[in-house]
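All remarks here apply to the structure that follows.
Chains: A, B, C and D, in written order; residue numbering restarts at 1 for each.
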Amino acid sequence: MSALLEFLKTYMWPLIFALVIVGVLPLLAGYVVLMERKVMADMQARLGPMRVGPHGLLQPIADALKLLIKEDIIPENADKLVFWFAPVISVTAAMLAYSALAIGPFFQIAELNIGLLFIVAVSSMGIFGIILGGWASNSHYSLLGALRSTAQMISYETAAGLALVGGVLLAGTLSTQKIVLAQHGGTWFVFVAPIGFFLYLVASIAETNRAPFDLPEAESELVAGYMTEYSGFRWAVYFLAEYANMIVVASIATTLFLGGWLRPFGSIAALDFIDFFPPLSFLGVAGYCLYRTPKQPEPIQSIVMALFGGLCFLLATAMALPFVPAFAASKPGLHGAFWFLLKVSLYIYSFMWIRFTFPRFRFDQLMKLGWYFMIPLSIVNVLGLGLYKVLRQLQWSRWPAFLLTTGGTLLVAIWLVWLAQRKVAVPAPVGEMTEAEG
Amino acid sequence: MTPEQFSQIAFYFFAGLAVLGAIGTVTARNVVHSAIFLITSLLATAGIFLTLGAQFVFAVQIILYVGGIMVLFIFVIMLVNLDVALHQLQFNRQRWVAGLLTLVLASQLGFAIWFARGEGSLDIPAGRTGTLSPQNVEQFGLALFEKYALPFEIASVLLLVALIGAVVMTKKRA
Amino acid sequence: MVPIGHYLFLSLALFIIGVIGVLTRRNVIIILMSIELILNAVNINLVAFSRHWANVDGQIFTLFIITDAAAEAAVGLGIIIAFFKNRETVLADEMDLLKW
Amino acid sequence: MADTRISGFPGVEQTVLGADEIILNMGPQHPSTHGVLRVKLRLDGERIVDSECIIGYLHRGVEKIAEHRSYTQFAPYVDRMDYVAAVSNGLGYCEAVEKLLGAEAPMRAKVVRTILTELQRISSHLLWLGTHAIDIGALTPLFYCLREREEILKIFEKYCGARLTTHAFRIGGLQYDTYDGFEAETKRFCLDFVHRVDEYEQLLTENRIWIARTKGVGVLSAADAIDMGATGPVLRGSGVKWDIRKAMPYAAYDKYDFEIPIGKNGDTYDRYLVRMEEMRQSNRICLQAIEDIPAGPIMGKVGKVLKPPVGEVYHSIEAPKGELGYYIVSDGTTQPYRVRIRPPSFINLEALDKMIKGHLVADVVAIIGTLDIVLGEVDR
């Protein structure tokens, strides 16, 4: 008994954070879905969900309930155990990745020495959920979708990994905490390695199977890809995994390129008034909610709106807490989490923006883009950033070093595009067979 | 419970999982199940690496072994998936002889380890000597690029050769 | 800490299971996977001794072994695919021709 | 994943094939075959070796029904063929019967018919654009297209009470005169629509992915297009300047000034450009026509009971999808002896096999989309 207590004492905060992540993440994913539907509606001249709760605020909960009580269908010839297990693998991999992510200097389950590598490793296991699910369904479309998905994820994981290597090179560490601290007081790595960031953006879209790279679930070709035979709760689990993965890649990008939990212009004391932004923004949202409360069509919606406004007000108070001298120590934790989540949402917003603007690639075009453009460019990018680091050690000042390396990488990018545009008879991408070495 | 004890429990848990996974790998009728068992075994091994403080090897094991090689395996299994194979004999003719010989080998090795233990050279509790820190990524990198730079390059050449070989072999003959 | 002997016995168990798999199974893919098991058993040994002697070299050899496993898997699976295209079988004892 | 047989999965028919070929069924319940089209594809990996269209899932025997209905009674049936362009179908039928009767609609009726038919062409093209874009993966254009289509459907609804299967015209003219504010509403829509087409083009025309997905895909040479009997935008996309509105003007088209856009390469991208330009031209016709709708009666001199003289007639119009022809044989009674309809979608669909050969499965979707077929019309 005392051993158990001691264990709990040793691992109290990590355990609490883990529970919070497991509890909050599905909710968060649900609200990312709502955000996506709202953003999509806005871009498509519609309103989006409006019925469940004010402005559809309770829609994710309604969706989740609907999915939970749906009939659970397992295809007759499916491999039942694997069919049951596959979505779990996906979602576990996605959730496990959070254990090394630092949402602020305080909110982190485990500070690992190999943090970033751990996240990449764990999230790469999500592939198994997809490929096994597609196989276990015993359906042609599912299998093709799963194979495509795997080929695509592996190809782009190489590019994403190499893009990350660039960032890691600049930080000189793999630990998520130290990566963010390396950007403290200096510039965020997105301004040192814009091409690396761009590469990671594209590769992460492809890796999370989102448009314009959403071939695995291209509804006009493969119905729903690996998820075709899934319904109800299992389908919801896949869906959750997909959105959780989105949040993971967004968090990685935020940590590595966008300065993690750091405030914009954190090193300029004259701009310290930005610190007022977190409480004020929540206060604004709360005010808007209360302003809209009497205008809701149903009394119940008014109540929900008021409650939501109250929640935002509470958050605003929490964000204002560091300005009380007694609680000043809580500032990095609270504001850090705010800035981190804000950056993550902006990154996810860019995903959505891209999704609703572009048509879908064809599979061979996708592979060609991956192998003929992304991977070579990301290798050059790593070389460029290595050169940058060496030049900085040779006491070059920032701008010449930056212009030289980024300009060089950009030239290579242009050259690659030019190569691709030349109508040479390039052999079909060899793709799947060779990337285990990558 | 100290972290020490915790890692002990973790070791025996992972060891059991690894052995179970390995047994599943060689006995499963369905190749995909076999691969799943192997993945379990490999992941358990990665866990053991973690208890040994080899964090980098842990990550490499997952990224390369599980995320790379095993995906490749499953990929190929799906390409050559033959339902016929499920109903054929799973073990070959020499299975009894092979089993016997393996047991002999196992007992030999087992005795070897057992007697080595008696001599005392294995009795040093692990991790007492030397300066290997648990957070050894930096040490690892330095050793890899200084002491083992040549083998590293040779390994990359090996990969290149394998890559070309695989492409040539699977390429469609026009 | 766990005594080194336990690591050795675990490694032995995995190795023997792998050898049994290689020697008795008919399916080439499972044989290849059993080889992975054997390599994995070696990895455990290497890392355990690396910890035992507090020397990072063992871990580096693990890296090389994983590299080797990757190369082997790529080539091995390539052979399997090429073979399957011609003979439509993945059984080892049916691979009895030098040329087809 | 190319070049290996995947066996033992439902939906794949095991036949005696080369080791690398599989047969894949697309449809009839596939989300992007635009209705109940079934395409049987013979694939080498993902590349199409051969294909076969299987149609008839929506066959209702429209031509046979005509033989048991009077001329007036049959008119609503034609709306159900190309149900996204019901007005055009009605126009063709009414004019064909008028030709058989030797009657003519008054000028006011003709102009209103022209306006409504051109609006219908725009709405049909809008629906095509939206679904085509969705097939290729662009989600957003559909909603913009439907926004404008909604305006057109509202005009239809105000005019005749129906949105989709309008039955807008009567043999000999119109049943209803235009409602108050018809001119103003149509004009407002048309003036607005010019900018809306630019908006769609902004989303797609110079989008690299769109170009990559459509340029060089589904190429149909001019000679092939003519041989296959393709008409409409499919023919014009291949560079043949043929439009019945110019070649054999009907309704009031000879009064208006408009261009016939043609493509150069005959690929999916060119057909896209042709249709975009056609929307602009239709809009132009509407704007010209709406300026002066002549006053006068809306029904010509046709009897209450239609009894055309013995004889036969063929009349065709330029429907949104191509040449829509009606061949009617009269035996002097109140019911047609035989009606044969030349549906543009059906004949354009024949080009599918030629167009998809050698392409990938993903292109099939784009090519079916670019043919702009409506299965109600294909199967009749």
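What we mean here is this: a contact is a pair of C-beta atoms (placed from the backbone, for glycine too) under 8 Å apart; a residue touches a chain by one contact, two chains touch by 3 or more.
Please read these numbers as outputs of a predicted model, since none were measured by experiment.
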Exercise for the section: Could you compare the number of C-beta pairs in contact for A-D with that for B-C and name the larger? Expected result: B-C
Problem - Core chain by centroid distance, with centroids computed from Cα atoms only - result: A
Practice task
Would you kindly tell me how far, in whole Å, the mean C-alpha position of subunit D lies from that of subunit A?
Solution key: 44
Problem - Interchain centroid distance [CA atoms averaged], subunit B/subunit D, Å - result: 62
Exercise for the section: Go ahead and note the Å separation of the Cα centroids belonging to subunit B and subunit C. Expected result: 7
Practice task
Provide the C-alpha centroid distance between subunit A and subunit B, rounded to the nearest whole angstrom.
Solution key: 31
Completion exercise
Going by residue number, subunit A touches two or more other chains at 143, 147, 151, 432-434, 436-437
Exercise for the section: Could you list the positions in subunit C whose residues touch two or more of the other chains? Expected result: 67, 70-71, 73-74, 77-78, 81, 84, 88
Problem - Multi-partner residues of subunit B (each touching 2 or more other chains) - result: 56, 64, 68-69, 72, 78-82, 159, 162-163, 166-167, 170
Exercise for the section: Show which residues of subunit A lie in contact with subunit D when the two form their complex. Expected result: 40, 43-46, 77, 138-141, 143-144, 147-148, 151, 211-212, 214-215, 218-221, 223, 355-365, 428, 432
Fill in the blank from the handout: So, in the complex, the side of subunit B touching subunit C is made of residues 4, 7-8, 11-12, 15, 18-19, 22-23, 25-26, 28, 31, 34-35, 38, 41-42, 45, 48-49, 51-54, 56-57, 60-61, 64-65, 68-69, 72-73, 76-77, 79-80, 82, 85, 88-95, 98-99, 101-102, 105-106, 109-110, 113, 117, 122-127, 129-132, 136, 139-140, 143-144, 147-148, 151, 155, 158-159, 161-163, 165-167, 169-170
Exercise for the section: Spell out the part of subunit C that touches subunit B in their complex, as residue ranges. Expected result: 1-10, 12-21, 23-27, 29-30, 32-34, 36-37, 40, 43-44, 47-48, 50-57, 59-60, 62-64, 66-75, 77-82, 84, 88-93
Handout entry: Partner subunit B, residues of subunit A touching it in the complex
Key = 3-4, 6-7, 10, 79, 82, 112-114, 117-118, 120-122, 124-125, 127-128, 131-132, 135, 143, 146-147, 150-151, 154, 157, 174, 430, 432-438
Handout entry: subunit A partner contacts - residues on subunit D that touch it in the complex
Key = 1-2, 6, 9-12, 24, 30-32, 46, 133-140, 142-144, 147, 203-204, 207, 209-210, 212-213, 360-363, 365
